[in-house]
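Every chain is named by a letter (A, B, C and D) in the order it is written, and numbering of its residues begins at 1.
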Amino acid sequence: MIETGPLLVMAILFVPLGSAALLALFPDGRLTGQLNTLASFFTLLASASLFRIRPDPSQFLIVDDVNIVFIVLNTFVAFTTSVFSASYIAHEVETGRLTPTYLRFYHAMYQTLMFAMNLALLANNVGLMWVAVELATLTTVLMVGLYRTPAALEAAWKYFILGSVGIALALFGTIMVYLAASAVVGEGLNAMAWNVLVRHADAFDPHLLNLAFVFLLLGYGTKVGLVPLHAWLPDAHAEGPTPISAVLSGLLLNVALFAVLRFKMVMSANSGALAPGPLMVTLGLLSVLYAAFMLYRCHDIKRMFAYSSIEHMGIITFAFGMGGALANFAGLLHMTYHSLTKSAIFFSVGHIAQVKGTQNMAEIRGLTVSHPLLGWGLVLGAMAIVGLPPMGIFMTEFLIITSTFARQPVLAVALVIGLLVALGALLLRLNGLAFGAPHGKEAPSQASFVPMFAHLTLVLAAGIYLPPALVNWFQHVARLLG
Amino acid sequence: MDHLSLDVAHMFAGGLVLVSFMLLYQDRMFGLLNIFALHAVVVSLSVAWQAYIQFAPHLYITAAIALVVKAIIIPVALHRIIVRLGIHRTIETVGGIGLTMLAGIGLVALSIMVMLPITAEAGTLTREDLAFSLAVILLGLLMMISRRNAISQIIGFMSIENGLILAATAAKGMPLVVEISVAFSILVALTVIGIFLFRIRERFDTVDVYELERFRGGHP
Amino acid sequence: MALIYDLFVQVAQLLLVLALAPLLTGYIRKIKANLLRRQGPPLLQPYRDLLKLIRKEVVLAENASWIFRVAPYLVFATTLIAASLVPTFATGLVFSSAADLIAIVALLGSARFILALAGLDVGTSFGGIGSSREMMIASLAEPAMLMIVFTLSLLAGSTQLSSVSAFMQGPDVGLRVSLGMALVALIMVAVAENARIPVDNPATHLELTMIHEAMILEYSGRHLAVIEAAASLKLLLYFSLIACLFAPWGIATAGQGVVAMAIGVASYIAKLAAGGLLLAVFETGTAKMRVFRVSDFLGAALMLGLLAALLLFVSRSV
Amino acid sequence: MALTVLLICVGVFLGSGVWAVLGNRSSSTSFWVYSFSLAGSTLALCVAVVALIDTEAPTATLQLPIGLPWLGAHFRLDALSALFIVVVNLGSLTASLYGLGYGRHEQTPGRVLPFYPTFLAGMNLVVLADDAFTFLLAWEFMSLASWALVMAHHRIGANLKAGYIYLLMASFGTLTLLLAFGLLAGADGGYDFAAMRAATPSAGLAAAVLAMALIGAGSKAGLVPLHVWLPLAHPAAPSHVSALMSGVMTKVAVYGFVRIVFDLLGPPDWWWGGAVLVLGGVSAVMGVLYALMQHDLKRLLAYHTVENIGIIFIGLGLALCFQANEMQLAAALALTAALFHVFNHSVFKSLLFFGAGAVLGATGERDMERLGGLIHRMPLTAIAFLVGSIAISALPPFNGFVSEWLTFQAILLSPKLPQWLLKLLVPAVGAMLALSAALAAGCFVKAFGASFLGRARSEAAQNAEETDAASLTAMFLLVLVCLLAGILPGYFMDALAPVTRQLLGAQLPLQQQMQWLTIVPIATGRSSYNGLLLFAMIAVAGFLAVYVIHRWASHAVRRSAIWDCGFPDDSPAAQYSAGSFAQPIRRVYGAVVFRAREEVDMPAPGDCRPAKFHVHIRDLIWDALYAPLESVVGFVADWLSKVQFWTIRAYLTLVFSTLVGLLVVLSIWH
């Protein structure tokens, strides 16, 4: 009898990979969208069943408390995004922005990206994780440059170069972690297996770990989009197809942050190593403040929400940097909420840009009048993302700020200022976008609203009620994170 | 492990740093390509030596990849691209060469300083090698930011990669080194293809600011 | 039985102020005329005027609303009640618990509010001028008044007029700078509130300088009569107030016999006569000031009041 | 039990909100939404009144498994929350009733109906919440719902700006309160109020909490200088919502302050009271001065909210001063005054906004310079508005006077305070209070006079029609409350006794037992007031005068043209306008406070162009506080924005220098 556990893990990885190959070869442009959705759905099913059946960790792959919810979240958002993508891309083909060849390429890349991200989350081997993140970077680079406009190429190139340098730094960090580990647990695969690393972390050479963490933080931090390593992020979000912006913001940033978290756990398990907290807090705070001010100087709607992603990644990094049960819990929760909310926002933004034929915010007005569902969806999403209740982000920001203020009042105040400045900017733009007399094209949108409202409903519900099982899981991981 | 093999490894690593300085010093395009080929050769020698002393035959593959791809294919490809795209033969630098060299020396000092406190447990070989590879990486980065020209930036990036391979092979018994080096080669290949496909001559540096303002939004 | 007696005293006060108010107005006019070497109207002329006016028909502007018609009576009733609650010849009135000094000031405020509305009702420029200036003056006079109340209550521990008056008669008072300042402030407020020179001139109808008269310019007949009566009641009220607070000599206390009451009435009338004389002399000797100087005048009153209160703290702590 | 019922009412509100979104868009939706709101708030009002009066009732608590997972949502009904539930639901009851009529004219019901009941739910929840998370959630939810209502008429540009500033300030307030709760809760996250009550923060910490609470709740309540959003946002909403925002929501903010400072924070320091007093006094005066400069009726009312909030905070500040010196009875008097004014203001401010709404509905105008003479066209509305005006001007016999009188009585007790600073400060604040009351009277003479009296200044005002029955019912309900609370204040003060007992452990003597329903806060010899008696005496005297004169003298009336000293002008423009009415006061105060400047452009003789008169007014608070903030944010954003235009090489340099910087730090750190 074959064990179902490893089979599931294989399914999570190879359904996307297989369908990527299939989609690359599949000739019919119209069906590919559905096929993409179907594949994503199966992946989601497989990952959801991980809650019931948990395979034992191997040297390469692992399913543990830390990654399981991320995998489920990843596959879930991937699924909803594929639903959105189907209707979005159909419109792009109609208007002739994409040819069928590119369509095939797009869908194949989509599934490859899913494979890479799932692999990065499932990897037990830190080297494998690195390879997966690199693969994810490469695929998204190709997707960002999909439209072949000068701006898109510029964005893709910038992303590529900065991402590659980040990846190189991360590799150096990984090598040093291996060095630190191999002295303790012996050479070979074991010294790269994450579960082994954490167990033995206390015996590692702290100096080596410190150095490694600097490189890892900067390396993966580039992918997270932390200031000052963020430069690729706004362009990449603004120029790529919107489903990719959604996946970038909602998932890829999370995956990179997840990598940082794994290493942070190793760091905090070592008593001699420097506390990773202050470093992360500094970068996080810098991101929040910088992004908050930048929000005022955006004209492009997708670009603005990209900066908002930087801000939120900053908040999350800040929370993890502060540490402690409350802040870690809030950080994890915030990651989840941010994924859901930001992708929902990009869903609505994508349709808005399609019906209005522009991403320039000055040319979009009064959406709640001309396109009520899209407009109110955007309003809800923006309200959620700036942390207004009853949506979930309010809860996490509440926890982060209150728990920080008792310990580090100055930091909390700085964070609050950042949040407030960002809120001011987003609301200012939202005012113009959603309200006032409508302006511009008023063609009805042929959008699929289900993904957007599904996400928003989830965020709303989570803000009011969290199932105890989920809470227990988050609390458990929060404790692991130290 | 005897003293000699250690010294040889040491020599290769030090040589790599030296070649990195040469890269930094070079301001003509074809000269740069030649020196980069030398850089790759030194790396592959070093990797091969590591394979020999660690009894790790799979590292020979890495050495071979480094030799074939980076010492031969890429310099040749870049050479042709330069000719095809009519890229300027001289390299524009930011700040003088002298200043860059000075900064480079500072970086080497820094990497040694950073590596010093690492306990001897990790082995002297590793420690020194790590210091050297860190120096190579930092010098590569310095090169990337002190040149205004796409090709030399690519070369800077590749020298970073060589430094990484040096580090990876120096870490005894590290698995997946081959896979990683393959992955990196793909990255590099894509870079080169990117330059060629997108006709990127100077895109690293010269960007039309007004063009950007249109879609990026500057002042309100 | 005692209650009935108290009630009788209360009603007597009410009737007394009602009866005396026009006389006081007439008296001041007479003195002023005499000071100017004119003969002046007879003392009882105000009564005759009132009687004449209430018998005449009312000429109403076409667009006057009910406010315009109701206001005179409301103003009159309010002022009358306020005046009857200020002890004149006897303290400890049966209804004195209904309103302390603050409430009395507020009652006058209500009357002014209604009258100012009436000034705006017809929609003329004169009415508007009057109302708006009246409210401006009140905005300074009321705080000044409150500061005076504050000073007094600080001394007497009460805002109840009977208690304050009893305290002022008592031995604990002494001569205090604060009291003097409060008195001056109160007089200034009284001058302003009653539209006397130098703030306003009750005798003028020169458009640009009048305040109170501008407000009631549209009134005629019985309405005018009631308003005039209310105005003289208000004047009397302030006289009574000053007398009761700063010259409480001879005033009877609650429950005292008829003799004490008679003495109280006599001394009250004497105080009115003296006060009226002083006012007439003062008015004859001064010129009316420009409207926008009034704010300085009343600002000074406010400062005096505040200083009085603060000085009291200083003198007390020593 | 009572608490459950209240939560069910909240559920009804939320439910009807959801129903308004999902339900059919027929015209009956409006009717049902307001009816459900009416029913819900009536029920809640009754329950809360019973809970407040029944002194035997134990404090009810309830916990629901929502909100913060390990904490749950705590709810609690004690005397303080019962009082504010009464305030909230009296306001929402009348507003819903008013909405039944007024809401029919709404052009965009889809943008009002879903948010109206949710707004009510939010306010109720704030008052009931018993843990920091639920409190803030409800607090911000309330802001959000009211923001949506402000944005209901979003096509008007000014409303967009109002909504923006409002939500920004609201979030600022929430975040400040968040910090306050963060301090109270400590690092371990004791978020329920019971834990906060038990904890005793250090003096410095407590002062910080006070400052945060003052800023957080003060910004919501509209304390100067945090008031800027209020006069923009309140008028922008539909009028019954304006009434709720001004009359009720600001009271919820006061509740927040009282809950934190009096209940959670523990014994105060004496200077806290001083700080609150100063802010209160400044707000009271500035609010009314701003109001005097307005000619938009609803905005004028909104500024008066600032004034009245100032008065309430004066009371609260006094209570803090007394409490710090353990003069519990005096503190109880001050707190009673403040809370009574909370109730009163909610009543007459709702009334006034209803009146303004009726005027707006009938004429389409908020600008007083285009109104006038409405007393003829809308007599009932005029009466209601007049009562509201008298009440808010703190004139007897209505309710506004009683609470201000009580505040004065509390002020008069201040000489017993031992601190010199307070001794000197309190009289000055008293003068400010008196000043604001007198100015308020002036302002409402202007408001009522310009809108309802005189002659119509526009066509719309000329043809106005009396408003509908539902609106009138709502208004006269409030008129009745104004009168009752004015002439029978003893009952209302007794109802406040449980609150002062809960917060201060002291209460005023029971007023119902006093002779003739006189109110005697301290002692008979000291001060007393009897509204009923005054009212009766004035009524009798007035009627007697009318009777006597009409019976024995003349009752003839002749209508004729306006006399106007012999120079009548038929044009309604020749009347005194709102602006000209305010001119004397502007000259006296405005020159300093607003840098008001008058500019007369008088053409030379022979020149035919019309003369022009301009008044320039500057909002110094905006100029000094908000404009710099705005430009700082703009400057920083511009400065940072340059990074957007860097080249890849520059970005790489950034990465490189970060790396090198960290490495240097690392090497030094060893």
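Rule of thumb we're sticking to: contacts are C-beta pairs under 8 Å (C-beta built on N, C-alpha and C of every residue); 3 or more make two chains touch, one makes a residue touch a chain.
Everything quoted here is computed from the prediction, not taken from an experiment.
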Open item on the list: For the interfaces A-B and A-D, which has the higher count of C-beta pairs in contact?
Closed with: A-D
Open item on the list: From the mean C-alpha coordinate of chain A to that of chain B, what's the distance rounded to whole Å?
Closed with: 30
Open item on the list: Can you compute the centre-to-centre distance for chain A and chain D, using the mean CA position of each chain? Integer Å is fine.
Closed with: 44
Open item on the list: Using Cα averages as centroids, what's the distance between chain C and chain D in whole Å?
Closed with: 35
Task: Centre distance in Å when chain A and chain C are each reduced to the mean of their C-alpha atoms - done: 78
TODO: Indicate the residues of chain D shared as contacts by at least two other chains.
DONE: 638, 641, 644, 648, 652, 655, 659, 663, 666, 670
Open item on the list: Among all residues of chain C, which ones touch two or more of the remaining chains?
Closed with: none
- [ ] At least two other chains touched by the same residue of chain A: list those residues.
- [x] 157, 161, 165, 169, 207, 211, 234, 296-297
Task: Pairs of chains, among all present, that meet the touch criterion - done: A-B, A-D, B-D, C-D
Task: Interface residues, chain D side, partner chain C - complex - done: 372-373, 375-376, 379, 386, 390, 393-397, 401, 405, 408-409, 411-412, 415, 423-424, 427-428, 430-435, 437-439, 441-442, 444-446, 448-450, 453-455, 515-516, 518, 520, 524-530, 533-534, 537-539, 541-542, 545-546, 549, 553-554, 556-565, 568-569, 572, 574-576, 580-585, 587-588
Task: Residues of chain C defined as touching chain D within the complex - done: 54-63, 65-67, 73-74, 76-78, 80-81, 95, 97-100, 102-103, 106-107, 109-110, 112-113, 116-117, 120-129, 131-133, 135-136, 138-143, 145-147, 150, 153-154, 157-160, 163, 205, 207, 217-218, 221-222, 225-226, 291-292, 295, 302, 305-306, 309-310, 313, 316
Open item on the list: With touch defined as at the start, can you tell me which chain D residues reach chain A in the complex?
Closed with: 65-70, 132-133, 136-137, 140-141, 144, 151, 154-155, 157, 160, 163-164, 167-168, 171-172, 175, 178-179, 181-183, 185-187, 189, 191, 633-634, 636-638, 640-641, 643-644, 646, 648, 651-652, 654-655, 658-659, 662-663, 666, 669-670
Task: Partner chain B, residues of chain A touching it in the complex - done: 125, 127-128, 130-131, 134-135, 138, 150-151, 153-154, 157, 160-161, 164-165, 167-169, 171-172, 175-176, 178-180, 182-183, 187-189, 191-192, 205, 207-208, 211, 234-235, 238, 296-300, 303, 359
Task: Residue ranges of chain D touching chain B (in the complex, touch as defined) - done: 638, 641, 644-645, 647-649, 652-653, 655-656, 659-660, 663-664, 666-667, 670
